[in-house]
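We call the chains A, B, C and D, going by the order they appear; numbering starts again at 1 in every chain.
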Amino acid sequence: MKIGKSTVPHTAICTSDEHTIVVRGEDLCEALIGKLSFSEYFFLLLTGRRPDATCRTVLDATLVAIAEHGLVPSVQASRMTFAAAPDALQGAVAAGILGCGSVILGASETAGRLFVDVAARMDAGATLDDAARAALGELRAAGAAIPGYGHPLHKARDPRVDRLIAVATEAGADLRHVRIAQAIEDAIPDIVGKPLRMNVSAAIPAVLLGVGFPVGSLRGVPILARTAGLIAHLAEEAETPSGFALSYQATRELQYDGPVPAGFGSAR
Amino acid sequence: MKIGKSTVPHTAICTSDEHTIVVRGEDLCEALIGKLSFSEYFFLLLTGRRPDATCRTVLDATLVAIAEHGLVPSVQASRMTFAAAPDALQGAVAAGILGCGSVILGASETAGRLFVDVAARMDAGATLDDAARAALGELRAAGAAIPGYGHPLHKARDPRVDRLIAVATEAGADLRHVRIAQAIEDAIPDIVGKPLRMNVSAAIPAVLLGVGFPVGSLRGVPILARTAGLIAHLAEEAETPSGFALSYQATRELQYDGPVPAGFGSAR
Amino acid sequence: MKIGKSTVPHTAICTSDEHTIVVRGEDLCEALIGKLSFSEYFFLLLTGRRPDATCRTVLDATLVAIAEHGLVPSVQASRMTFAAAPDALQGAVAAGILGCGSVILGASETAGRLFVDVAARMDAGATLDDAARAALGELRAAGAAIPGYGHPLHKARDPRVDRLIAVATEAGADLRHVRIAQAIEDAIPDIVGKPLRMNVSAAIPAVLLGVGFPVGSLRGVPILARTAGLIAHLAEEAETPSGFALSYQATRELQYDGPVPAGFGSAR
Amino acid sequence: MKIGKSTVPHTAICTSDEHTIVVRGEDLCEALIGKLSFSEYFFLLLTGRRPDATCRTVLDATLVAIAEHGLVPSVQASRMTFAAAPDALQGAVAAGILGCGSVILGASETAGRLFVDVAARMDAGATLDDAARAALGELRAAGAAIPGYGHPLHKARDPRVDRLIAVATEAGADLRHVRIAQAIEDAIPDIVGKPLRMNVSAAIPAVLLGVGFPVGSLRGVPILARTAGLIAHLAEEAETPSGFALSYQATRELQYDGPVPAGFGSAR
């Protein structure tokens, strides 16, 4: 069944014959294996361009920053899945990745789109402050959350934020989107009515947009990073299982709000 | 409901308070972000140890080698999933990862276990050749395939194999498991009855086991690597869709072998 | 780490002790097993109410209508995943379900929300025709597609539509949302500029909303139904594999649009 | 790239033209929608045969028995995933299904294969008791668990077991595999050294094999059934969220076993 207009698939990422694998125009074996780090290769795969030293440094910093933060919900889901299905490592990793959604890790992308929107307003003549306030105001009017601001644990300041900005500054990255992210933080008390500090999901796009990382793939950064963390957690789960213990603890205070049949719970 | 013995979860990977995130005993912000590459951090997450330069070089080489090989089945599955559900990038990545199973990318782990088995036979006194033949013979007797040997496209020799071995050699890695992998290749014609050349799924564990990568997490290498490739393919899919075109092409020669009701297919 | 307001989980679906499992207030073993069909139980699980005969008939009809339509993209993704990872049936089912997204099967839910919107306009005093035109006009103004109308194969009329409406009519279902769905079909040529016929993703909510099925779970119907179809396809895949053949066919006309290194493709 | 022998995909499940959808040789709209229940259709999809009344009753009973058992690990994983990614219902369902693995719900299939093995020994002349003891003994010798026996909560007897056997008996099902399952239960104390009572994962194949359900698709029964339960839990999660509360509770007693940097945890 034909769905959509195109009937012939196209790609510009990879081709190969019996002797050679070509990735983004380069011979994988001669030019890439042993010559690029994995994160450099990720950037090449994604954009068709090799990253410069600044880009490589900032991209590595963001991947390291977001890969691991303990037994967060997606790691719990992954470890419970592995405990139930230990033969399928790939299934447990997939279960963990499925939690990289709009509420938790997807904020990197929505925050990035917000910064690009503010930058466009500035290109059209607005001041940084006015552009930040206008974009924030529209978000509020639409009833949307401010992506990338506020954190349940790190209330004063997510410590990864300053570190990522420092790395980007030292590496010589374009800091335009960092300034935009800070202007939004400054404007939030007025517009939202309470302070919300920039978190790692705002800092990641703020620094990555300054090194040419494509805004449309920002969600790929936490997904790739968390995959590394998930593989580590599943290696630990295989050695010292916690998946079922997490599940047991999770329901110790569970409240059942529904009806029960007559006699349920009485001694027999 | 309590399942299993343990009721309290344990972890040694990460802890945090409001100010500090600790990963594998180190302060994430002070000691790791901006100081380790993503693949170095992956090794630290997995093992609790920082990789040396040899390990880093070999690990990067394997991740680069296996991340991308064009529109293989798991990439097709991922792109079709994204075409149908473009709002959920994480779902399309998960669909692709679910194809990293025993037949395709899981061979890295089973090949690694085979090499560790041969090494144990050598530790017990067997020669390299005898150990390889004995392990192969047991696999054959059990009716199992030889993991990591043979390739549908690269019949003469998967070009990534020699390159990975060269990188490991130049980087000063322990080559014991490479020699084991080669001894198995040499023994295959006798034991299996036809030559099967080492492919990338044998070369990856052959070089990684020589730099201290844990055999139990070998399947994590293709999973992490392919995640990078999938993110690149999904960025391309978002710009120039091929998912439905792949699906259309896939069924152009589809043969329906079942019965049909009277009159089906006649003009109306 | 605390995320969100609630710290204690609640549920009203199921509780149990050593002797009794209670589901929606009833004793699973005494009152439900052997007494309800699976689709009746699905409705009870979802709503806390037992369906009447009309509801049961219509719900079964929708599940039967949408469970299977051949080697659609999500089935292909599932079969390719199973071919690569045959040990993990659950992973291949999951890969297929991940394609039940906004573009393909999710339209049941968005169409249902459109019908509820039209019904609300009628409750506020609009005529059926005016309400349909107003809702359609807003969708068009927002640049959105019309969910549940048009089909790549069944251009004249998706044959499942009339059948579902006939079943609902015969079963005595409330047909209000069917009339709304038809009014939208009638209004489309004027508002959209070309005719688009109602497809199965509009017919499903049109009939289900008339038997008390909750609009917020409409996407669950194609997901549950397709799970049955996927399990059948994976049983066939285990017997007569097609996953890799689909993948091979899919790329026979693949066009590589990127650059290649000098000498690529020449004889060696 | 060609993988495997076959290059042309085949199917016998479904074909269609512009006017007619054919499933298992029947016209979907004329012969099936409104005429078969969903579980009857599932059996037809899977086997190509319509179930008789006995088969329908037993299949429904097993699907109802296994669909729901409260906030088990896979439901927790699914609800946490939905809390993090509420836009992608299909992703949260997939995460839950990924936990239908060898340890938890996959036991239906391995228990079924055990019963088929015992039946084959009887066909070859062994008595029921001898066949059960021989098969059990081989499992023990291989160090394998006994699939379908023992339960963490229902120690005396999983109440679903007797109910499923009663339904199968009343419906007139062939009870051969039920007797095999009971013979295994009787033999366990001698062979294993402690009593283990039959649980629902043994009762399901015991009754389904007597109505012609294919042993190779037994894992599909809990997968399909749990999909219904997951959809109900995700509808509840959308109304009264518990996903993050489950995650919070799960780690309240978490023990961190790794090192920390100097000064970690001290006041600042």
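The rule we apply is simple: contacts are C-beta pairs under 8 Å (C-beta built on N, C-alpha and C of every residue); 3 or more make two chains touch, one makes a residue touch a chain.
Since we're looking at a predicted model, the values are computed, not measured.
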Farthest chain relative to chain C (centres taken as mean CA coordinates): B
Cα superposition of chain B on its sequence copy chain D - rotation in ° rounded to nearest 5: 180
Mean-CA-position distance for chain D and chain B (Å): 29
Rounded Å distance, chain B centre to chain C centre (Cα mean): 34
Interchain centroid distance [CA atoms averaged], chain A/chain B, Å: 23
Multi-partner residues of chain A (each touching 2 or more other chains): 1-4, 8-15, 19-20, 30, 70-73, 83, 85, 87-88, 90-91, 94-95, 98-101, 106, 153, 244, 246-247, 249-251, 253-254
Touching residues on chain D, where the partner in the complex is chain A: 70-74, 76-78, 80-81, 83-88, 91-92, 94-95, 98-106, 243-244, 246-247, 249-254
Complex contacts: residues of chain A adjacent to chain B: 1-4, 6-16, 18-21, 23, 28-30, 32-34, 36-39, 41-42, 45-46, 57, 59-61, 63-65, 67-71, 83, 88-91, 93-95, 97-101, 106, 153-156, 159-160, 162-164, 166-167, 170, 214, 216-217, 219-220, 223-225, 227-229, 231-236, 238-242, 244-249, 251
Contact footprint of chain C on chain A as seen in their complex: 1-4, 8-15, 17, 19-20, 22, 24-27, 30-31, 48, 70, 72-73, 85, 87-88, 90-91, 94, 152-153, 250-251, 253-261, 264-265, 268
